[in-house]
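Following this line, the structures themselves.
Okay, so subunit A shows up in both of these, paired with subunit B first and subunit C after.
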Partner chain A sequence: MNELPLTALLASVLATAAPLIIATLGETITEKAGVINLSLDGSLLLSAMIAFMVGFETGSFTLGFAAGAVTGAAIALLVGFFGIYLGQLQVAVGFALTLMCKDLAYFLGNPYSRLQGPQLISWKIPGLSEIPFFGPILFQQPLPVYMGLLLIPAVWWYFYRTSRGLELRAVGENPEACYTRGIDPRRKQILYIVIGGALVGLAGAAFSLGIKPGWGRPQGIEGLGWIALAIVIFGGWHPIRVALGAFLFAFLQVMGIVLQGIWTGIPAQVFQMAPFPLMILALVLINLLQYKGVQRWLEDKPGLALLVDKLRGAPPRALGKTFHPD
Partner chain B sequence: MNREFPMGRLGRHLTDTFLILIIVTVFTSLLLLLVGASPTEAFTHLISGSFGSWSKVARVLNVWVPLTLCSVGLVYAFRSGLWNIGVEGQMVLGAIGSAGVLRMGVESGHPLLLLSLALLAGALLGAAWALFAGWLKIRGGVHEIFAGLGLNFVAIGLVLWLIFGPWKRPGIASMSGTEPFPRDLWFPTLEGWRVSPFALALVILLILATAWILNRSRFGLNLKAVGHNPRAVVLFGLSSQRYMLIAILISGALAGLAGGLQVSGVYHRLIPAISSGYGYLGLLVVMLAGFRLAPIPFIALFFAALNVGSIQLPMMMQLDSSLSGVIQGACVLSALLVFGFRHLRRRGAAD
Partner chain C sequence: MQVELQQIHKRFGKNHALKGVDLKVEAGTIHGLVGENGAGKSTLMKILTGYLSRTQGRILLDGREMAEADPATAAKSGIGMLYQEPQDFPPLTVLENFMVGRDAEPDSDRDRQRQRLNDLAGGLHFQLDPALKLEKLTVGERQQLELLRLLGRGVQVLILDEPTTGISDRQKERLFGALHQIRDQGRTILLVSHKLEDVVALCDRVTVLRHGMVTGEAQAPFQVPRLLEMMFDKPPETDTRSEAAARGEPLLSFDQVSADGERTGLSECNLTIHRREVVGLAGLSGSGQGLFLRLAAALDKPARGKIRTLGNDLGNMGHREFRQAGGCFLPADRLEEGLIPGFTVQDHFALAHNCGMATAKVLAAEAISQFRIRGHPHTTAESLSGGNQQRLLLSLMPPDASLALLENPTRGLDMESARLVWEHLRRQFASRGAIVFSSAELDEILNIADRVLVFFDGRIVRDLPIGELDYQDVAAAMTGK
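The block that comes next holds the complex of A and B.
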């Protein structure tokens, strides 16, 4: 960090952001289809633990990541089944699962605490990694970083350029209309909550096998799931803005670590909680933009108005409401 | 609707409870077998660790007090339709308020007056923190789950800052918390009691008062209308925002009181983990209670026993004490499963 502070700083922002991007895009897919998976904080932790355990026992990254994805998908399936088919509050199921999965992770992961396990190393892309400045930031990263970066355009393309993506968004906006058009909203919602959950699981695996390697109590990613949920709102359910939110958060987190070195008297935990008030502030600001008065004030400020227009985002209209085919 | 249950609602609740306990027992046993531990041994340790002796029962009751206070407060918030996930932070703020008052009066000659002031300050600060979340929801448009959660983390940051900064122990600041208060500033108890009978009485009194307020008073009925029947709100000209704010305020005050009692009656100082997660656990208690008041004291007792009973698992069986949290979560999920199948059958019958 001493030689190339800026390069190292930006590279670590990217590495910190990557798993978060994977998780937030997973949740964006889920919520865009009209379901809330509130279990993220627990899912991330449990899939991180399972991925580490499998990676440790088999020595295989592929199996580790697969185990993480399956764990995340299974938890999401529970949320979907309870919420969509059993008519329970999606938020209630998600919250209960988030607490339970966290404790389950600590319980099952106890024997794997503080063990030296497999850890992904940076993967230099030949040629590109030699580019001065950008090379070390963009092309000398562990695999999940590339995964996260590629996922952003992929999700955007799926949402806005494919007919299945159109169906996905329609289910989240108006499930009744979809039903009359012959699409079963509940099957779509189950499909997308499982896909979203699998991505959350991959993000968990990316933490324990690469970005924050290892397992312990605490692992260090506690609370990130809640941040991820907030980032989805912050990003207005739009994949690109959600990813930008994840970058912003990662930047704040890395800055926190840097500042910690400067103000050594303040305990680390105070810096760790810094993103939360900022998150609230950001959510308030975004909401303020919806007010008529603010919009009128913006009218004669074209530059600002354009920016604000880009920031605004409305939730999928059927979000969290269970559809009943009657 | 209750034709199949001769005893009516009570019969249905008992059947549900029985089903839930069976599912949870089977699940937990399988989990224990999976990690190579004996289920009977683990269950024996859980029971003997929580009800095995009077001192253990007292410890369970010491957990029951804050857990019940948080859960009872949450019922108000849920009645108005709010998810007060910020109950955890409200408890922390209550602890800060009480500790602040007690610190100021270390030299004073009126310990009882000071203790009452401390608890009052705790309830007030808890209420203020809750009001902030409610205000963010109503004026700022931030969903109460995220407002509350964000404020929880801020509250924890605040406690750490106080313990390591302005309120640090003379000499070294540490995770062990602030300097303990002198004995005459401890919440009163009786000779030989490890749990204060006054705290228990206070909680029981508050449960009874809540039962009356929610079911008998005009306020309680209006609150229910606000949370569950938007049409009635328009019809009776109620301000749903005002009722939401009052509900979350009461919720925060009770959580703050719980925090104050933890500081003055249990730890006798401010520690970083002063809330012990009882706020979040309270949410599970209320969900398992089906958002009703009556089952809360019993479920809270069961959860408190699990918490205390699991403490000796690491020592006796090399198992992580988080088993209690897994069982508690499993209880709620099984309950949702049972409620869900009942829901399916009702829908099936309706068709």
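The block that comes next holds the complex of A and C.
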């Protein structure tokens, strides 16, 4: 592993994690408000494709990212409208849209396949990027990485320190009670599914314009949407724990690529596939921490117990449900 | 604030729940609204708070008409309601629960809000820790918090829907003290309850509802028998009972049985039911009758005590064994527990009798004519009307059962169908076994049963043979008097 120094390894974990963080936090916002947007995998693909297409045609990153965000938001709006206002099963609508968006992305994106398009370059933050070790990891990255990193405290702050964030959580817990207190739960839910969807769209753009540049079939990000959904669940709908999950997955993916170069005897597919089951295993282990036996074992370890307690999370009680006033 | 409701009507589909209710409540009084379950009390109050829309009618606040509103607008006019189902957020903290809401000027400053909460709590002698998660609180404490929140929003009209359900006596005392204090500040309180003891202790004036209509009003001091007369229908003087037959051997016995469930649970239940008895379970819904039947049918397990059914110890018996021993249970939730939506009438017979479709069709056709079910063998269960679903359920009961446990067996049937059903049930079961049934209609119990058990708050408060039974006494026992 000598040819790959630690800084480069960590920098690439961060870069790989960033779009995933943006997408998982988007879904966290959506689900915290009590709606499930299951279209994540298709949303990511379609917004990645459209962002690349717009970026390629206009040469503008701003327009490319905007197109990605609008695509994600539009798909989320569909899920929200059918699920919240027309009373359809949110999971079913989301699933159908996943499949549709995926096929649509490959169909519409065909002319742009394997083209050399615009790619974001790293943006060195003056001064900070000179810091030894941390500089190259944290402050010589493409824009989406800064976006993802800043989003973590921002979402946490919004959820737990603002009154609108409190309303968001309240709607996810009990929309009926919100209605009796003068908050329109359906409007809130539509708002947050659209915001969450826009973030998912930004994540898609971050892939095709930066982290995994270009468009092709099969697209390297296929399947990531499903992992993102799993990370939100195992992350207990808590922004920080969810972000940690995204980091872990990115770490596994990068390690896969690194080890592929070292153990050349093992088929490459094993390394490409391994992060997925390993991720699920890791998430299951994290969840096991909440079992009674583990909790008892933690009793005489106050520091660790506090950490586990901070990380635990329960699903929003009204997840997938909404309230229709008389 | 003076509140006046004029000619309020509410329809839920075909159901005419409120039929022109007039109600006038003076400022600075505690006004009680009493009636049986389903009389329309909660519906009326939810219309006042804007939670439900009204089909027809006017609402006047201090003489000014209030337009159709949602809860937020009603709240801004000064109306707040403590709902029977707590409308709060258990995973959030006490302080967060206090803060959520757009029904007043929002203020996201946590320190200021904590101070307000503490001040309000101190004023009414409540003790609540703002940092605690709400799910760690008792029902009574959650209610106290909601009360403080409403007061903090400056409500002038406070509606409480069954506030004494599920709270301790001490909390009830606190609540009543607080309510007197709130009234003396000049605010108006509307108290919805079916517990007459609470109403008598607290209210200045009472309005009685029955079947969606006002049947009377009274001023404190109240005469309980008068209120009871207005609450319940007088029993008609008819009797379908045949000569009472001699009791047989015990079929069902409860020995010191306690159990959790429903709202009230069941405590210390002792009794024996014998062959050839028809036992009616009276009580306001949710007083423990349902749980009693489910325990007897081995669908629930008691926390303490021993139940013997049909000569077997229920300790190691499931519902399957209960049925094999000759028991049968008819649940109240027709489509959830009794029938299978999507299955046709003949499918149900095929399942119940474990027979082929041809036989099932014959059985179904027989049952349709015998029980006058309006439908065909190929009609699905959910497309039958409520009354016809009930007939189908009755026709599916095994004819040789020796212990029939029936939850509201004639619910949704008109008088004539109910009479037919009871003739059939008596002929089929009462001669060979025992029938235990609950009913929301006190009349039905008094007309049908040989023996009446009255449930209140999870206890059997009366156990009387029909001959010794006094209508007034049963009605009073049902409301805890």
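Definition applied: the second predicted complex is superposed on the first by the 295 of 326 C-alpha atoms of A that agree within 3 Å, B and C clash if a C-alpha of one lies under 4 Å from a C-alpha of the other, contacts with A are read in each partner's own complex, and residues count from 1 in each chain.
Operating definition for what follows: a contact is a pair of C-beta atoms (placed from the backbone, for glycine too) under 8 Å apart; a residue touches a chain by one contact, two chains touch by 3 or more.
Quick caveat, the model's predicted, so the values are computed rather than measured.
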Answer with first, second, both or neither: which of subunit B and subunit C does A:V284 touch in the superposed model?
first
For A:I183, using the defined touch cut-off, is the partner it touches subunit B, subunit C, both, or neither? Pick first, second, both or neither.
second
Based on the superposed arrangement, let me know which partner A:V93 touches: subunit B (first), subunit C (second), both, or neither?
first
For subunit A, which side has the bigger count of touched residues, subunit B or subunit C?
B
Per the contact definition in the header, classify A:A230: touching subunit B only (first), subunit C only (second), both, or neither.
first
Contacts for A:K124 in the overlay, against subunit B (first) and subunit C (second): which applies, first, second, both or neither?
neither
Is A:D103 in contact with subunit B, with subunit C, with both, or with neither (first, second, both, neither)?
first
Over in the complex, which subunit B residues touch subunit A? Could you list them?
31, 35, 83, 85, 136, 140-143, 145-147, 149-151, 153-154, 156-157, 160-161, 164-165, 272, 280-281, 283-284, 287, 318-320, 322-326, 328-330, 332-333, 336-337, 339-341, 343-344, 347
Subunit A - residues contacting subunit C, complex
162-163, 166-167, 169-170, 173-174, 176-183, 314, 317, 325-326
If we count contacts the way the header does, which residues on subunit A are in touch with subunit B in the complex?
38, 78, 82, 85-88, 91-93, 95-97, 99-104, 106-111, 217, 223, 226, 229-230, 233, 265-267, 269-270, 272-274, 276-277, 279-280, 283-284, 287-288, 290, 324
Please output the residues of subunit C touching subunit A within their complex, sorted ascending.
49, 51-53, 70-72, 75, 81, 83, 87-92, 96, 99-103, 106-108
